[in-house]
Structure formats: structure tokens, C-alpha cells
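What follows are several structures.
First chain A sits with chain B, and in the next complex the same chain sits with chain C.
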Partner chain A sequence: MSGIRLYGRYVSLSLQSQMQYRASFVMFALANGLSALLEFFATAALFARFGSLRGWALPEVALFYGMVHTAFALAEAAGRGFDVFHLHVRNGTFDRMMLRPRSTVLQVLGQDFQLLRVGRFAQGLFVLLWGAASLGMRWTAESVFLAVLSVVGGALLFSGLFVLQATLSFWSVEGLEIANTLTYGGVEAAQFPLSIYRKWLREFFVFVVPIGCINYFPLIRILGRGDPLGYPGWAAWVSPAVGLGFFLVSLRVWGVGVRHYRSTGS
Partner chain B sequence: MAQIVVENLVKTFKVGRRQAGLWNALKGVARREYTTVRALDGVSFSLEPGELVGYIGPNGAGKSTTVKVLGGIMVPDSGRCEVMGLVPWKARMAHVARIGVVFGQRCQLMWDLPAADSFDLLRDIYRVPAAVHRKKRDMLVERLRLAELLTVPVRQLSLGQRMRCDLAASLLHAPPLLFLDEPTIGLDAVSKLAVREFVRDLNRENGVTVILTTHDMDDIEALCSRVIMIGRGQILFDGTLEKLRSCIPMERRLVVNGVAGEVALDIAGVRQVTREGDRLSLHFDPDRIPPADLIAQLSRQFLVRDFLVENQPIEETVARLYAEWRL
Partner chain C sequence: MRAYAALLRLRCLLLLQYRVAAFAGICTQVFFGLVRVMIFDGFFRSSSLAQPMSFAHTVTYIWLGQALLGMLPWNGDREVQDLIRTGNVSYELCRPVNLNGLWLSRCVALRSAPTALRAVPVILTASLLMPPEYRLAPPASAAAALAWALTTAGAVLLAAAITNLYSIALLWTISGEGIARLVPPFVALLGGMLIPLSFFPDWMQPLLRWLPFSGLMDVPFRLYLGQLGPGDLAGALAHQLGWAFGLALLGQWLISRGLKRVVVQGG
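Right after this comes the complex of A and B.
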């Protein structure tokens, strides 16, 4: 049986587990979506007061916001096993995975597919579509394709961050807070166009942890605006690939972490 | 040919030390002090196919480290280890496909789903053909009497029921080698007996090699012909249960029931006397005082209606060995 089919079985079993608690699933999913939506209302309130943010109007910002939230929701749903990986180390689940003849990455991913993230995903998509509608944007085949690709690239990038965070827990649990700050801080930051930030922060989010890439460049192209930062136009198509690249690199780092774990057992 | 060869395994850990308290926790972030612990300090043994070995030792002796190395989870610092011709940590996937592992304290089944779902998942994980899987599963379900348990979410099973399901889960891919890590911990008497009986049959009828770590000496007594004892990372004993008994000066235990009133005893050759209600038990050295003499002496003090002479329980032998070797 191939890895992909096995992953499919993991996901289906994980969904069956969650359906054991149907009422709490529905409530958590709603809460997940509503709490994120409240954040957007707070942003909208600021725009109502100040009009625009360095030349960006609220519906435009809604696109950035929506795209990063849909991507992050996908990563949270699929990458939950990595997000809470330190628990799997502590209670021995990871040892059990090592005792099974399959890749550890596949097994960690299969641990828990958190469907309740559908809440955040739905609100992200809603805000994104609202922004596009308010701008009177015409979706072309190209822009839909680029948007979908960017969301997938973003999901891969955030998953990569979860993998790195999990790898860190092979060394210390204290580092988790730092990793969390990076991930959640990154989500917050990418809710706004990259161009509003100072240079050093921009470059950090382009070249180090390329969270800025995954929605900024594609949306510049989709909106048909010139890039105030002056990056080349093809960056729109490179950035989804950056997500994939980041994910693959993080898997290599994960391998280093597993080797470390096997020699120290802690 | 030996199924498991372990030669001179050494494994050291660095253990971070810090004193209790917030200030010390903060200090620990900046500079951590380590001490080195030798969890395995030159461990060697070998196992033939079909053996059923008890691997015992006090907490922290190196039992789980050994199991982790043999399971391919952990890489030792030095030493040789081959399990069925493979080095566990070098060929993890091929190796783990041929072993089964049960942890008494950690359930491997999915908590919120019936065990049947976990069994299906395991079939896919180990790539067992459907027909082969079904046959093996039906056999295990029958032997472990799981038919009624399979459709109940695992979280609703009792500990004993869960352990039986867990045993089946570790054997679905028909491994020739099984590691049991405290499989009877916390089980009631009936479940313990069921687990022991199953393991004994598995070993005798299917020829599965079993390595059993446990603190329950009744498990050892009921199952194991051979015992390996580890302490402070070293093998302290490797041999039969009888030989283990003889490590301690031979002692017998005399139990007398129905003792009334005060009893004052001072008999040469009797090491220890304990009294529980109307039951008196004496540990004595039969070379110094034959049982008949001992009973005769007791009869002078009170009426002996009912008595029993037995070997010292293995539990006590082991406890005395731990104490003697300062483990």
C-alpha cells in the first residue's frame, strides 16, 4: 500500500474519531471561525477610523488577510501532529511510530487531521471573497489558479514551520514558545501587505522565513498593482514554489532531529 | 544460529541537572550542568529462537534502554547488536517489520475508535495481504476472546480487555520475535492469568521468541525458563530460575495457621518470623534446622494444627539480590 493511500486511511480514521464527539466538534469549528473573524472586524474598525493604510484600502487588505488565513487553516488541519509533537515525544507515541515500518513524517502527519480548522478556513475564504467582490475584481482563470497555488504554497510553508517547531522539541521544550511566536507572529504580519513594514522586517519575511512571499507577490499580480517595493513581476509565480521548497528543507532538518533523538533518547 | 546477539553494548546519557526553583530554572537556560549516566555498561547476551526470557532489574537499571536499542529506536554508543541478522538501528524499517512490541503502560490502539479500526490500520502499515491478515486476525480474536470487544471504542474497554487487544495488535503481522514490557501491570488476577496463558501458548505452539520485562515475579515464575538480570547497566545474572534461587543461601518458608496467643521464638537457623493474625511464617535454613525439628520445637509452645513448607518466593529472592548488590 502506497504512502498516499495509507495517509488517506489515517485521515479517514482521524475524522471518524472526531465524529465521536459531534456536538463539541461543531462548537469548536464555529468558535475557531468566529474568533478569527472578530480579528478581522477589529482591523475593519481601524480602517473605518483611518481610511487606509499606506495606500492600501480595506478590501485589498482583506485579500491578504483571507489568503493567509485559508493557508494557515490548511496547515493547522494537516500539520496538527507536528504542532503538538512534543506531546507525542513525552507520552511515547513517537517511540511507537519508530517501531512501525513507515516513515515517521507520514505517521506524524497522520496522527490527527483537525477538521475543526474548517472554521478558520471558511472565514478566511469569506473575507477573501468579500474583499474581491468589494473591489469589483474580475477573477480570470490565471488569477484563480495563482490564488489556489499561493494558498497551497502558504499551507506548505506553515507546515514547514510546524515541522521545524517539532524538530526543536527534540532538543528542548523551552524553545517551543519562540517557534510559536514566529508562526503566529508570521500569520499576524502576513495579514497586511508586506510593503507597510520596515525594510529589515520585510527582508526577514522574504528571505529568511518567507511568509511574506506567499501572499504578497501573488496578490500584487492578481490586483494588477505595481509593486511599491520594486520586486520583479515573476516573483508572483516563484513564491508558491518557495513554500514547497521551505517544506522540503524543513523535512531535511526533521531528519537531523530524528537522528539526534535516536542517539539521546530525550 | 542465535536470533539475537548483543555484545558489549554501551549507552551513556547526559542528564541535565538543576535544582528546584524558579531561579535555578532560569540559570539552567543559560548554562546547564550535565552528569553522565551509563545506562548500558557493556551488556552482552544472546538468544536462540523460541526462547522465553525474563529480563528483570530494578527501575533505572537499563531495561528499557536495552529494549529501545533492540527495537531500533535508539543507537548505542558502542557495541554490537544483531537481531535476525540485521542491525536494528541501521535497518529500522526492515527490522521493525519483523518484531512485535507491547508496552503495558502505553496503549497503541486508537483511543476513540473500536480496536477493529486499529487492526485495519495496522494491516495497511505492515502491508499485510488482506487474506493473510484476516486469517491471523480471526485466530488472535479466538485465542484472546476478543469477538465482543472489537466493536467497542477502546477508551471504554477495561485495562485487561485493552491489554488483550494490544497483544493482538502487536502480533497481526506475525512477528517471530515479541517484546513485552510489563504486560501485566495493573491487571486483575483473571486478566493476568489470561495474558500469561496466551504468551505461554504463543511461545510453545508458534515458536515465537519472547523477551519479557516485568516487576511481577509471578510472571517470571509462570513463564520464563531463563532469567537475565540487569542492574546499573550491567548483566548481573543470566541463567535458569533455579540457578537464580541458589544465588541466595537456600531458605524455606514455614507457614503455620491457627496460632493463638503470644508466641516467643528464638530458634537457631530461623532468620525471620512474621505474624499476621493467626498466621505465623518463618524463614529458615533447612541445613541448620530440619523442618521436622522446627515443627517439633513449635509444637512445644502451641498446638500446630496446619502447616505448609514452601520455597522462598522468587519475589523475595530477587529483592534480597537487589539489596545485596546494592541496586
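Right after this comes the complex of A and C.
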């Protein structure tokens, strides 16, 4: 069986098991979407008080918000296995995966496909479309293509962060919360245009952990605005590739981690 | 009462063991705080409209919120929830103490000990290491500090009463778990974690003040800032303790109803 088909099996099994508790699934998905939507409500309240944020209006910020949340939701759904991977290290159950003649990445990915993240995805998409509609934006084929590509690139970037977090657990299963700074903190920061932050934070999110690439550069182009930061226009098209690159690099780091793995035994 | 005090002490000692996790948490909180402060900085620089709160006060409010994040009832008592899920809750029923009291003291420990461990370093970092305009300011006065300390204790009790309801809801298994997940987003919004409550529209203010959640963060923080004076202290404490007591009674009633029809899971 090819890797992709095997992964398909994993996903369908995972979906079947989640559908066993339908009522609870629906409520989890609702809660997942709700928490992000309430955050947007708080942002809207601030815009009602202040009018604008450094030249950006609420519908524009809605686009930034929507793109980062849809990307993060995809990564959370698919990358859940890596997010909770430290449990396998702590319990020693990673040994079992290493005995199977398949790549560890495939198996960890296959552990769980969290469909309840559809809640965050749906609200992100809703806020994104609302923003575009209130701006009276005309979607061209190019801008749709760029938006979709960027969301996928963003999902890959966040998945890469989950992989790095999981890799960290080969060395220590404590203090993994530090990774939340980059994942949840990154989502928090990228809900707003990067240009509102201080220089050091901006550059961190462009050159070190390129979360800014998920939405900032593509949206500058889609909105047809000049970049207040003065980055070149082609950055919009490089951004999705940056996500892919980050993901591939984190897989290499994962490989190093796996070689370093020592079972807890038991 | 002595049994509950002993339980509280034991849980606190246990929760204080996770020091590396606490360090990681501190970094996360400082980072989040900084991002939030910068967002507000951007808003304040973009508008000359009169605001319900100054930028300096908002910065202090945000840092206090990050420092005391763990105090918010954003999750339930994991172990009690697992007990209910696995059916081991039947052992709890054998103990010669009131179940509500037992779980409530655990919740007080959960809301206070890990929070205290994180709050001190976050407060120190925010008041000493940040650039001057992003710093956490000291309390408005000695009286404000005292009022803040008292209402923070009240907030812990209130938070514990809410936390306990998440576990109790699990006695109604499936729908209960949904409740335990649906409520925390509202707690974050209505308690003042996302933005200071004063920034919400004016028509919402009476409702926000009446709901229990403002007692978790907003009211203690505004006492700290001196926006509420010592004269408001009695009312604030009455609001917190009234809700805490009411919710604890609700918990008691739900437990006794839940246990009548509880089916212990597992074997």
C-alpha cells in the first residue's frame, strides 16, 4: 500500500471514531469556532472605539485574521499527532511505531485527524469572506489562487512548528508549552497586519519563524496596497514556498530527533 | 474544615513541583502580553478619540491579566474529570467528606498555586525588564494594593466555584463535556482577559458588571489601577462572594441530583 493510501486509511479510521460521539463532536466543533469568533468580537469592539489601527480598517484586519485562522485550523486538524506526540515519548509507545516498516512521520500524522477544528476553519473563512464583502473586493482568479496557496503554505508552516515541538520532546517532555509561544502566539500576532508591530518582532516573524509570510505579503498584494514596510512585491508569491520550505526543514530536524531517541522503557 | 485545608495544602505542594513547565509558561505569557501591548499601542496612536482607559492603565491591566491567567476558570480539574470518565468516581463517594467541598478545595488549589508560581516572575519581568512605556505600573496607592489583594482572593474563590461546575457537568457525560468547552471562551471574553471590559460598547457595560465574570479580573484590576476607589471595595467583594456562594450551592444541588442517577462507568 502506498504511503498516501495508508494515510487515507488512517484518516478515515480517525473520522469514523470521532463520528461515534456525534453530539459531543458537534459541541466541540462549535466551542472550537466560538473561542476564535469571540476574539474577533473583542477586536471589533476595539475598532468601534478607536476607528482604525495604524491606517488599517476592520474589514482589512478581518482578512488577516481569517487567513491565519484557516491556515492554523488545517494544521491543527492534520498535525494533531505531532501536537500530542510527547505522550508517546513519555509512555514509551513510540517504540511500537519504530518497529513498523513505515516512516515515523506518516504514522504520527496518522494518529489523529481532528475534524473538530472545522469550527475554527469555518469561522476563519466566515470572517475572511465578511471582510472581503465589506471591502467590496473583486476576487480575480489570481487573488483566489494566491489566497488558497498562502493558506496551504501557512498550514505547512504551522505543521512544521508542531513537528519541531514534537522533536523537542525527544530531549525533554517538560516545558513544551514554550512552543505555544510560536504557534498560538504566532496566530495571535498574525491576526493583525505585521506592520503594526515594533521592528524586532516584525523581523522575527519574517526571517526567523516566517509567520508573517502566511498572510501579510499575500494580502498586501491582494488588497493592492503599497507595503508600508517596503518589502518587494514578489514577496507575495514567495510566501507559500516559505511555508513548504519551513515544513521540509522541520522534517529534517525530526529525523535528527528520532536518531537521538531513547525509550523510557517499561 | 481541617480535612479540606489539608487537601488544599497537599494539592498546592503537588502543583508547585512542575517548575520547568512554569518557566515555559512564563515565557509564553510575557510574549503574549507584549504582543497585546503592541496592538493597543497601535490603536492608541491611531486615534485621538477619548477612551475609557488610558494607554498606561491598559498596559498595566494587560500585564496583570497575563500574570494571573491561570486563575481564570479556563479548564476543569483534569483528575476529577478523569475519575468521572473512568468510573473511579465511585471511590470518591466512599470518602467521609462532602463531595462538593472536596472538589471545591481541589479547585481552589488548582486556581491558586500554579498561578502564584507564574504570577510573580511575570509581574517582575513586566515591571522591570520592559521598555518604560510598556511597563507594569505599581498599584495606585497602598489602599488600592490592599483592595486588589482582597478581591484577588475573592476572585480565586469565584473561579474555583466556576471550575468545579465543569467537573460536575461531566456527571451528565456527553453534554457535560460540551459545556466544559463552551463556557471558557465566554469566561475569557467577559472576564477581561481579551480586552479590558471598559472598551466594550457602553450598552454592554451594565450586563458585564452584573455577570460573575467581571469579578475574576476586571474588578480587581480596576481597584489596582485606582479606577475604582476604596469605597467600591465592599460592593466588589459582595459581588464576588455572592456569585461564588451561589455557584457553589448550585454545584451542591447538581451533585446531589447527578448522583441519584449516576451510572458508574467501567467495571
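To be clear about the criterion, the second predicted complex is superposed on the first by the 259 of 266 C-alpha atoms of A that agree within 3 Å, B and C clash if a C-alpha of one lies under 4 Å from a C-alpha of the other, contacts with A are read in each partner's own complex, and residues count from 1 in each chain.
What we mean here is this: a contact is a pair of C-beta atoms (placed from the backbone, for glycine too) under 8 Å apart; a residue touches a chain by one contact, two chains touch by 3 or more.
What you see is a predicted model; the values in this text were computed from it and never measured.
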If we overlay the two complexes on their shared chain A, which of chain B and chain C does A:Gln20 touch? Say first, second, both or neither. first
First (chain B), second (chain C), both or neither: which does A:Asp95 touch? first
Counting touched residues of chain A, say whether chain B or chain C comes out ahead. C
Between chain B (first) and chain C (second), which, if any, makes contact with A:Glu174: first, second, both or neither? both
For A:Gly185, select first, second, both or neither according to whether it touches chain B, chain C, the two together, or no partner. second
Partner chain(s) touched by A:Phe41 [first = chain B, second = chain C, both, neither]: second
In the overlaid three-chain picture, which partner chain does A:Val11 touch, first (chain B) or second (chain C), both, or neither? neither
Which chain A residues are contacted by chain C in one complex and by chain B in the other? 21, 174
Can you list the residues on chain C that touch chain A in the complex? 18, 20-21, 23-25, 27-28, 31-32, 34-36, 38-39, 42-47, 49, 51-52, 174-175, 177-178, 181-182, 184-186, 188-189, 194-195, 199-201
In the complex with chain C, residue positions of chain A that touch it: 21, 23-24, 27-28, 30-32, 34-35, 38-39, 41-42, 45-46, 48-55, 172, 174-178, 180-181, 184-185, 188-189, 192, 196-198, 201
Residues of chain B defined as touching chain A within the complex: 13-14, 29, 65, 68, 71-75, 89, 92-94, 96-97, 99, 101, 103, 106, 108, 110-113, 117, 120-121, 124-127, 153
Quick check on the complex: what are the chain A residues that touch chain B? 1, 5-6, 9-10, 13, 16-17, 20-21, 91-93, 95-96, 98-102, 174, 262-266
